[in-house]
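First chain written, first letter: the chains are A, B, C and D, and each begins at residue 1.
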Amino acid sequence: MKSIGVKLIGAGGYGGLGMIELLLRHPVFKLATLVDVDGVGKPISAMWPYLQDYCDAVIVAPDSPEALASDAAVAVCATPDGVGQITGPKETAAGRRLLDYSGDYRFNSLDLYRQYAQRIGRDPAHKAPDLLASSAYGLSELHRKEIAAAPVVGNPGCFAVSCILGLAPAVKDGLVEVEGIVCDCKTGVSGAGKKAAPQFHYPERYDAANAYRLSGHQHVMEIERELSVLAGRDVRVTFTPQVVPMTRGILSTLYGRLPRGVGQADVLAAYRGFYADEPFVKVRDAGQAASTSDVRGSNRVVVTVACDERTGTFRAVSHIDNLVKGQAGSALQNLNIMFGLAETLGLDQPGAHP
Amino acid sequence: MKSIGVKLIGAGGYGGLGMIELLLRHPVFKLATLVDVDGVGKPISAMWPYLQDYCDAVIVAPDSPEALASDAAVAVCATPDGVGQITGPKETAAGRRLLDYSGDYRFNSLDLYRQYAQRIGRDPAHKAPDLLASSAYGLSELHRKEIAAAPVVGNPGCFAVSCILGLAPAVKDGLVEVEGIVCDCKTGVSGAGKKAAPQFHYPERYDAANAYRLSGHQHVMEIERELSVLAGRDVRVTFTPQVVPMTRGILSTLYGRLPRGVGQADVLAAYRGFYADEPFVKVRDAGQAASTSDVRGSNRVVVTVACDERTGTFRAVSHIDNLVKGQAGSALQNLNIMFGLAETLGLDQPGAHP
Amino acid sequence: MKSIGVKLIGAGGYGGLGMIELLLRHPVFKLATLVDVDGVGKPISAMWPYLQDYCDAVIVAPDSPEALASDAAVAVCATPDGVGQITGPKETAAGRRLLDYSGDYRFNSLDLYRQYAQRIGRDPAHKAPDLLASSAYGLSELHRKEIAAAPVVGNPGCFAVSCILGLAPAVKDGLVEVEGIVCDCKTGVSGAGKKAAPQFHYPERYDAANAYRLSGHQHVMEIERELSVLAGRDVRVTFTPQVVPMTRGILSTLYGRLPRGVGQADVLAAYRGFYADEPFVKVRDAGQAASTSDVRGSNRVVVTVACDERTGTFRAVSHIDNLVKGQAGSALQNLNIMFGLAETLGLDQPGAHP
Amino acid sequence: MKSIGVKLIGAGGYGGLGMIELLLRHPVFKLATLVDVDGVGKPISAMWPYLQDYCDAVIVAPDSPEALASDAAVAVCATPDGVGQITGPKETAAGRRLLDYSGDYRFNSLDLYRQYAQRIGRDPAHKAPDLLASSAYGLSELHRKEIAAAPVVGNPGCFAVSCILGLAPAVKDGLVEVEGIVCDCKTGVSGAGKKAAPQFHYPERYDAANAYRLSGHQHVMEIERELSVLAGRDVRVTFTPQVVPMTRGILSTLYGRLPRGVGQADVLAAYRGFYADEPFVKVRDAGQAASTSDVRGSNRVVVTVACDERTGTFRAVSHIDNLVKGQAGSALQNLNIMFGLAETLGLDQPGAHP
């Protein structure tokens, strides 16, 4: 098959590295251009020596002639909020499709975007409203059809992937009361990216688990939007982001009330049915062991259904690798869909243990 | 002041070490006798070299003459379920008061104990029913008076300490609906004790967070009993124990529904009032940072009140060191109470950082 | 190309998992039969859930009909010392070539084996002396020709790989005095295998670095044998194995005296020349950063040449992933050589970061 | 006993915290004034919440009236190179004795200081030459007498403590050849201080062990100076600093050649003799287990003597807590000596495990 070039913007962050690692194994997509603001003019392997020989492409600056001249068919913005909405129109004007890692294209309505931007303290006016309107939300399992057709895909937030997939079958089938849903989420430190900060300094993170942004995390909005669509009514969730001292992994424990007459067996059956054909979602029963280490390095989601009938509580536990299914893996899954490839291409491997 | 001897049974486990470390600094209590089934006849510092010179007492076997001849005024059973109910009557017959770390004396009714024992798969008939009837539940903040008087104190479970203290003011004052309470608890690995096991093998625990005993953890019963007493009605909670890759610390995130008209300010005020005079409980607002590393090595509980008014959800986050306030520290606090000493004696230090 | 079947004996240990992960990506070798003493009759993914869907082959017992009937062309013994010398003759009699992970085939002389066996407290009489005589030492970079032809290959020890490759150019070219060589080696915990043990219990390994087997480690013999061959005279080394709290990686710091007139530039040039055509060995200068995290998940060795001319000391720092170049990766490299495939086949990828 | 006030400069770094923790338990020394450039005007517990209630003193700026008016009898500069030589003369002029953590007062000769300063890229002219001339090197075990009398004490470097104490008896008694000594040192990350940096970002430090400053570390000079004094001749050592993924601890493995006729028994006997009366140095034989976790939180040095007679190699392994015996603990030991107190006062406790 003819290869398809990828222009990777923000190549030197963890999200960029994740995409590079995946594309090095991919039979169709090839890295065409690496863009970053750091390390311009040097091979990316100068910044990340583990890539030496495997990826020695020279980093080019965002608006450099080399960046503009890329013959890539798709641009991936592995960049923070705000970059993709400026870069996006240029990339699409150059004939490329776009996949963006940030919140820039997760809400295909100006109004929703405004609310989101306000929550995270950014300019509420989107810089590329037309592109936004044409965008699809890149949670592959729920939006394949839109992703396949959209010029722009907004890759989901890592917490959002774990919560939405952990709740979707129950919310869709009315097996959990939509009022009072709680998402208790624990992430490894790599979710904060590569930039050093006091709270992620090794000695400070040692034996240190903590909740943060208790007044509101930006991922809650996409969770609520998706669950509302599934439920056919407005859904609000209580969301608690927490950091634990590990590098990769998200463990999300999801709670709600069981409707009268609904029990563990009903919920488990619904999950098994909903995800029966999903290559990357595995459903487990409460008695089966599961751990974030089961999904480290893989694009898989493991969802354990473990309702507490004694208290009438719905409970599911969702496990992902925040840098794979929570970021670069979902992105590649979306790219596969966008270009009509098998969805698992380049993604069907189990990671490494231990 | 005249010193008071302590006979420490199960000296060589993590719970025993915690007590030894604390008593080495205590001005009144002194280690009189170290009992264990491992390492008999050797100084405890042969098993734990860091104790060399600080505690070189020879370990004696449980029913050895040396153990029986101890001149201690109190016996501390730092032992698993089942030991204290056999040892207890002998110790009290020898004129000692008793503090037990396990579930053996956490329920001062035969009926409650039977339910507990069945849950953990043990013989439902308590071996020392009279002692059980005379026991006090050793959560100092809630039961000082009983602890002071009781011949036998059942030290609380580590998860239970974090959940009960994190919920008590709200439950007592009706600031959380008692139906639908959720305790999402994350513990460091030391909670499982010193015994090596596959799931705690270093390489297996690396980047590995997981929920366990989803069908029911034994600590839930004492949480429900205490909350029921506070609420004046039957309370059931959904409890999710989870292990994260750290050594010490419990982070418990506690959820419930806010009654109509109750908000963050009300809850925060109630917590501040309830714990105003408590030396070991610190209440924080949602905007103040908190982490398990703030309490590492200390007997402190930090409770962050962080209700989500947008969703009508009560939320508090409780932080303890599972081996101190969750075990040996609470035990020493109880011993201080039992012997009429200042409650903070030997416990008023902040731990070490980092 | 026609696929080549692999019979993997000891499939469920870390060494077996490493081979499974590599073969899942290999274009020619295929897993034909999984043998282990644990988990017989169950898919390996029951023991290791991360393999679900990727490798669900059922484990068969060592001498079961299924194990004997394997149509594999090669047997890999990912087993401890003693297994390969019993299994080996059966496998070769069945027409298979053999690669063994242990010390069973690292010394192709009965006398050397006897010394080795005595050192590790095993029966000094080898059970398969003929096979031993025909074996090759599986350090690919030094023994390609013998490996290609040998019926049996003894995969090298993880420490040995890091030390021999870190010293070979200097020893061969007389750029280090062969008397007084020191190998100071630090390994991650996975080097001890999957079996839980007190010293590898997570809380015990936390903030814990230690030296062990100071009276002699079994890997020293193969280091000395190889260096002696390179030097053309008897070489003895002082070897210090140490464990540090990480999961993967070996950092070996190698010291010796610089001969008069030899300096950093000479040594660096010799290393660059010696390894110029080696796909898996990278040589760095003292000023270039290097870390075990640069080789995590890869088959690469990074050797930093950093002589201290001020003190006349030869120094090189060698970095490997103990489970890849130190075990399964070297094994696959050897299999590629044994079957005439490109040496990098299935091994040319950089691992994952972070 | 009348309390003695301590003015702590650089209170908010790891070195300052270590001193605060120790002084909170000390019967004589009391924190009089906390000085720092960060957090001025706020209680130190605002920056470090674990200190709340235990130490809520307000941080004052270096040359503020409050800092100048301190009634402390001694100033402790827990500050980086360069601060102590400016602050020192002011403190001594105000009648205080001075203990400095940095290299500012480790060399009581202008010439040696110049060499040191050049090596670390600082101005080679010392700012307080008179004070420097009156200073003592604060390695208590070797310099008690000078420390007791000196107006200024230069606390030793953490690596230096572990290497000098690990080598002193052998060097003094001629039990190791002084040519060719190698110090292979591994430190936890806290040695780098509290400041976040890319190489200490949690995800980057995970599974990452590395050597650094291979062209020369500043601690080597004080090691060589002390060993030269002990040997009575010029000694040079090869020093390799390495970082491993733990928070506290230094493991230094020390090598040299055994003189003809010297064996393990001789060396062990010499160490036992040399340190027989030292409260903080424990000598172990090669067969006894030792680990950095044995000294975590304690002021102890454990030295394992493990010569390799087979290769004629002297070897000792030294274990310290870099933040206690490697920093604040040694500092307090020195303060005790300076003020005529028992050397172990406030330091005789074993730390916490696990």
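Here is the rule we go by: a residue touches a chain if its C-beta (ideal position, glycine included) is under 8 Å from a C-beta of that chain, and two chains touch if they have at least 3 such contacts.
Small disclaimer: the values here were computed from a predicted structure and weren't measured.
Student: Which chains lie in contact with each of chain C and chain D?
Tutor: Intersection of chain C and chain D contact lists gives A, B.
Student: Is the number of contacting C-beta pairs greater for B-C or for B-D?
Tutor: Of B-C and B-D, more C-beta pairs in contact link B-D.
Student: On a CA-centroid basis, which chain has its centre farthest from chain B's?
Tutor: Here the answer is chain C, farthest from chain B.
Student: Between chain B and chain C, what distance separates the C-alpha centroids? Give it in angstrom.
Tutor: 46
Student: Averaging over Cα atoms per chain, report the distance between chain B and chain D in Å.
Tutor: 37
Student: In chain B, which residues are in touch with two or more of the other chains?
Tutor: 14, 188, 190, 194, 203-204, 206, 245, 247-248, 289-290, 293, 296, 354 - these are the residues of chain B that touch more than one other chain.
Student: For the complex, which residues does chain B have touching chain A?
Tutor: 180, 182, 184, 186, 188, 203-204, 206-212, 214-216, 236-238, 240, 242, 244-249, 251, 253, 255, 257, 286-287, 289-293, 296, 304, 306, 308, 310-313, 315, 317, 319, 354
Student: Which chain B residues qualify as touching chain D in the complex?
Tutor: Where chain B meets chain D, its residues are 14, 17-18, 21, 24-25, 48-55, 190, 194, 247-248, 282, 288-290, 293-298, 302, 348-354.
Student: State the interface residues of chain A toward chain D in the complex, per the touch definition above.
Tutor: Checking each residue of chain A against chain D gives 14, 188-190, 194-198, 200-206, 245, 247.
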